[in-house]
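First subunit A sits with subunit B, and in the next complex the same chain sits with subunit C.
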Partner chain A sequence: MSFLKINNLSVDYKMRKETVYAAKNVNIEVNKGEILGLVGESGSGKSTVGNAIINLIDEPGKVSSGSVILGDLNIHENSESIVKYRGNKIGLIFQDPQTSLNPILTVGEQLIETIQTHLKLSKEDAKNKSINLLKEVGIKDAEKRFDDYPHQFSGGMRQRVVISLALCCEPELLIADEPTTALDVSIQSQILDLIKKLTKERNLAVILITHDMGVIAETANRVAVMKNGNLVEIGETKKILTTPQQSYTKSLVSSVPPTNKKISRFVIVEKENKKNNIKILNRWTKKEISNQDLVQVKNLNKSFDDNFFTENSKNSVLAVDNVSFEIKEGESFGLVGESGSGKSTIAKMIVNLFRPSLGDIFFDKTCITKIKHRSELMKFRKQIQMIFQDPYSSLNGRLKVKDIIAEPITLHNPSISNSDLNNYVNDLLDSVEMTQKSADRYPHEFSGGQRQRISIARALATQPRLLVCDEPTSALDVSIQAQILNLLKDLQEQLNLTILFISHDLPVVRQMCDRIGVLKDGKLCEVSNTEDLFLKPSHEYTKELLHLMPKIESIYN
Partner chain B sequence: MLVVAFVSFSLFNFVGDPINNMVGEETSDEERAELRETLGLMDPIHIQFSRFVVNASKGEFGISYQLRRPVSELITERLPATIELVVISALIALITGTLLGVYTGIHRKGFLSDFILAVSLLGVSLPTFVIGILFIYLFAVILGVLPSFGRGEVVDLGFWTTGFLTVSGLKAIILPSVTLSLFQMTYIIRLVRAEMMEILQTDYIKFARARGINEESIKYKHALKNGLIPVITIAGINIGTLIAFSIITETVFQWPGMGFLFIQAVQFVDIPIMSAYLVFIAFVFVMINFIVDILYYFIDPRIRVKGDTASG
Partner chain C sequence: MDNVNLKRWERIKDSDIYHSFIKSPTAIISSAILLIIFFCSFFIEFLTPYTPFDPSSLSLMDAFTPPSWTEDGLAQFILGTDGQGRDMLSTILYGCRISLIVGFAAIIFSLVLGVGLGLTAGYFGGKYEMVVMRLTDVQLTVPSILMALLVDGIARGLISREMHDEMAIYVLIFAIGISEWPQFARVSRAATLVEKNKDYVSASTIIGVSNIVIMFKHILPNIMRPVLVIGTIGLALAILAESTLSFLGVGVPPTTPSLGTLIRLGNDFLFSGEWWITFFPAIFLVILAFSINLLGDWMRDTLNPKLKK
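For the complex of A and B:
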């Protein structure tokens, strides 16, 4: 007999015109001491199911049918009854520790209030209990930190606080909704270890909602796969990840970048998988690969300071610390590192959005950091283009797609005729596998993956030699990520592009890059060929990163 | 402050020749020149200005042309009336505004919320003097329950004259303060409402719900406290505006405060009073913003420990 039984759970969102079924007849069972992974891409309804268990669905959504049985309690008997089980029997952890704590109450106040809501304890007892909890989740100096406000904790520590809040009234079921997505790998593994430890010690039933197959492979006992509100497949983790039965699960698993080998292309099951021929090729003034350094970065430094007047003083933060590397023409160079390691700062200095505090950047043997005249700089701007992380904010929502792509063309070539411009825009859309109809639409009509394609088309419009990709796929689902990465590979191959690829995601970098530089706290730890780096890393930090990265292959062990 | 002081100082120089205002038609040119010399009007501008600033910082703004009394004396005489009016209406605006804002923020679709919002729209769009006149017509003329002008009987405490200690004084303050507060109140209602609606959507409220914290505590402890942070900023600026608006209200209700004094001064081109009033208002604005910044320190812990973002 399972501890948690979800029977035929459905969640509807009644909109003005139609009803959206966010979850349809979902049946899930979870045992005590077991971690159930709930995976799916965005919009699959995995978070909806998690929230529906404690009836925490935002208006106009509604649990329309089904029952949730916890032990021998029917907790959906009526809408009032669920409130007394929240926090008490069921704990919930949200994705972003930055926003899930109330900023103006101390950690202690939030803990005591929660404890006193459910347990009849005096303030003193509640305080002792909270301090013990904080110790249990691994917060040092718990007595002192008890009176701190959330912003005084780092991201990983906050997530620990969130976990202690979710567990403070000793629930028997824990629902963790993407608990590590906003965290760096090293902190992610700590938090996952903590969840595993607590599951065992407290004999919890845990539902772990995530999109990351690597996390699932390393933590979950069983997996449930969701798509469009339907439960596609459920079973032992090993079985689902190695011998999936449903075609959707198969394509999902094959889209995940493997961590142990380099593959030439991602297998995309649901779509015809062929190389795309690029029409803009005839417009491209193709250069022979010179095998020389296209970009040289020499002793680069960048410090940031709140205060303009005290730059370079003691208070300033050294975001980039004496970094040097070269990128050969035609190669893909990867920069990896955790948040705050300075990888985006370097990218912004290469495209000349930031000026370095010290050091030089050479592009095609010219020092671009010393250029004073705008007109001269424009020549280089044309040759270096950037693709940003967030496809939602990097496209101007008030412009049509064709105007977005045409803008850089007309900027660098004002005399281009209208018909020629239209043809060029259409060719660009073609080469990123978008239909020509999309030219007259606005960015909000497209999905994240399609928007990222538009960004790529815009970047290609000036026929750049260097493409700087700053986390181009981290906002996308795995299957879309696979498509975009395939596209970038094709483009690079046919157009002889040089790519600087920035990411925190080691498996992705392994698939994309020829050489990799590892950054930590603004310092470059090591630069080496991709395969060497993954097989025999020399720097301690690289070893640690590789060890901590969640591996989907770990399921075979 | 210096900029405002300069503007109000330049009033002296640009609005007209003060000597013309002071002396009669038949004064000879020599006498005028002599008077000019003794008043220091022949000195270079920067010396005149520094003298103005020094005197102003001592609270001396010269002598009113019209009333022939020191401006500082006139202001201290009128100050209590304005302060009482502004404080009362600020309290009305803040308290009722916040309460109604919270109500409409939580009960988003009720009939009462819609009604409050509709009325608040009126409050924003009707000019203060129209509301004042309507109030006088309704409560003083038709119902006859409240006086239509003046402060009523006041009690002199030596340094301060107050209307709070007499029944007629209290009655007299109701209409002007409500009139004055109405605009700010509607502003605060809308602000608090928007803040509450936004905060009730945030993750930490959702997380508090997921922990089973009861609704009352979520609304009034978790949400309202966060929602009040921007309200304090706006309220700070608005108390300054209240003083500015009080010119109109004081005129409509014949309230013997500084705004009324200012209007009379304008009519008689009484420049010392006008410049003193300007400097005073600027001073109040600066003080209020200063107080608001300090209040922030107590309310928002994120500011309290800026630069000390300990990580663990």
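For the complex of A and C:
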């Protein structure tokens, strides 16, 4: 007899144009003492199931059928019972620790309030209990930190506080909705270890909702795969990840970048898997790869200080601290680091969005950081292009796709004829595997992956030699990520592009890059060939990062 | 071409704004009232047999006729006549046209000025931004009526007496426009600060697009929503400001009266029992401003994604 039983759960959203079935006849069981991983891509309904258990579905959605049985009680029977269970028998952990705590109450006040809502305890007892809880989730000096406000905790510590809040009424079921997505790798592994430890010690039933297969492989006992509101497959984690039965699960597993080896291309199960034929090749003035440095970064420094009075003072934060590296023509150079390590700042200095505080950047042996004249700068603008992280903000929503792609073409070649321009735009769309019909649409009609393709087409329009990719796939689902990475590889190979690839995701960097630089707090820790870095890292920090990254292969051991 | 228009119409019919419009009775009623008012006041020549501003067509015998439904009323003067025998309804509609023209012109003037300054201030930042924003702070500390009176006073000093009646309407537009721009500057600066940090602006910079093009082709269309919302509410304010100034006697001259002028003229007769001469223009002004405000409120609720349910 399992502890939580979800029977035939369906959730509908009645929209103006259609009814969206966010979950369709989902059957899931969770036992005490086990972690059930709920995976799926965005829009698969995994969070909907989590929210439906505690009946927290936003309007206009509603649970249209099915039951949720906790222990031996049907908690959807009436709306009062669910309120009693929420936060009491069922604890919740949300994705973003920044917003799930109330910033104007101290951590202690929030804990005591929650405890006293559900349990009949005096204030003194509640306080003792909360301090014990904070200790249990690994917060040092819990007595002192009890009176701190949420902003005085770091992101990982704040997530620990959120976990202690979820645990404070001795729940038996814990629902964690992407608990580590907003956190860095090193903190992620600590939080996951904590959840694993608590599951064992308290004999909890845990539902871990995530999109990250590595996290699933390392933590979950069983896994349920969802797609478009349907439950595709459910079973032992090892079985599902090693011998998936359904084709969707197969494609999902094959698109996860492996951490232990470099593959030449991702296998995409559902699509025809061939290299695309790049139509813009005949327009491209292909540079032969000389074995020379295309980019040289020398002693780069950047400090941010907006304050008028303290400009250049000692207080200013050094975002980039004396960084030097070279990128050879035709290679992919990776920059990895956690948030705040300065990797995006370096990218923005290379594309000339920021000027460095100190140091120089050379492109093709010319110093590009000291160019004064616009006409001279334009020559380099043409050769260095960038792809951004967020596909939703990188395209102007008020312009049609063809106008977005045409802008760089007409800017650098004002005399181009209209028909030639149209052909060029169509060729570019073709090269990024988009249909020509897309040209007349607006960006909001496309998905994140398609928008990223449009972004790539725009970047290619000026025929750049260097493409700076700033976390190009971290906002995308894993199967879309595989397609975009394949596309970038094809483009690089055929167009002789040099790529600067910036990411926090080590497995992705391993697949994409020839050489890698590791950044920490604005300083470059080490630069070496990809295989050397993964097999015998020399810097302590690199070793730690490699040790902590979630490995999907861990399931085979 | 027809095909394109048809498609556009279908796209409008499919949009969220259209659906929220047909579901909101306030929006439908207020825009219907506004359409009727706009239509009647701009085509008044074709709708009425009277020409209130042609003295030869007026007869003093008709003066002070009360509204038609009262005891002494005449059927041909629905809302009665004023002290010179002018038909109230057509005079009001002629006056409304002046009020609307002044209101629209003033709001467009302040919109162009305010958005121009706010957009450039937000985009370039630095000392220029500081100067512009302090200027708006100073402007906001001066009450708008006082500002308008000041402009009017200066204009009277500069423009010769004969020219004054002709120029009055332009002075009024300038006076109201100059006192309303800070709102537009503040809103568009705030929106620009948000937009300029988005990646599409960086992408354009990297491509090599010039600042002017980035500002007007890329950022401007993306900040127009909040600007249009305060523009609508600002329109009602501008019409009210015009009426206030005209009521105070510094607005448009009595020879081409606006709603405010009519209220002022009628005010003299209020205590002798001819209430309709001031009452109807006033009620008309209230309906006009109220409808514009309701429409503006609806627009704010629909166009603001944060308030969406």
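Assume the second predicted complex is superposed on the first by the 554 of 557 C-alpha atoms of A that agree within 3 Å, B and C clash if a C-alpha of one lies under 4 Å from a C-alpha of the other, contacts with A are read in each partner's own complex, and residues count from 1 in each chain.
Convention: a residue touches a chain if its C-beta (ideal position, glycine included) is under 8 Å from a C-beta of that chain, and two chains touch if they have at least 3 such contacts.
Because the structure is predicted, anything quoted here is derived from the model rather than measured.
Counting residues of subunit A touched by each partner, subunit B versus subunit C, the larger count belongs to B. In the superposed model, A:P103 makes contact with subunit B only, not with subunit C. Contact with neither subunit B nor subunit C is seen for A:P414 once the two complexes are overlaid on the shared chain. In the superposition on chain A, A:H118 makes contact with subunit B only, while subunit C stays out of contact range. Shared-chain residue A:V162: touches subunit B; no touch with subunit C.
Of the two partner chains placed around the shared chain by superposition, subunit C is the only one that A:I384 touches, whereas subunit B remains out of contact.
With the contact threshold set out at the top, not one residue of subunit A is in contact with subunit B in one structure and with subunit C in the other. Residues 54, 56, 58, 83-88, 91-92, 94, 96, 99-106, 110, 113-114, 117-118, 139-141, 145, 148-149, 151-154, 157, 162, 165-166, 168-169 of subunit A touch subunit B in their complex. On the subunit A side of its complex with subunit C, the touching residues are 16, 59, 348, 351-353, 377-378, 381-382, 384-386, 388-390, 393-399, 407-408, 411-412, 455, 458-459, 462. By the touch criterion stated above, subunit C contacts subunit A in their complex at residues 16, 19, 198-200, 202-209, 218, 221-222, 309.
By the touch criterion given at the top, residues 201-214, 217, 221-222, 225-226, 229, 299-302, 305, 308-312 of subunit B touch subunit A in their complex.
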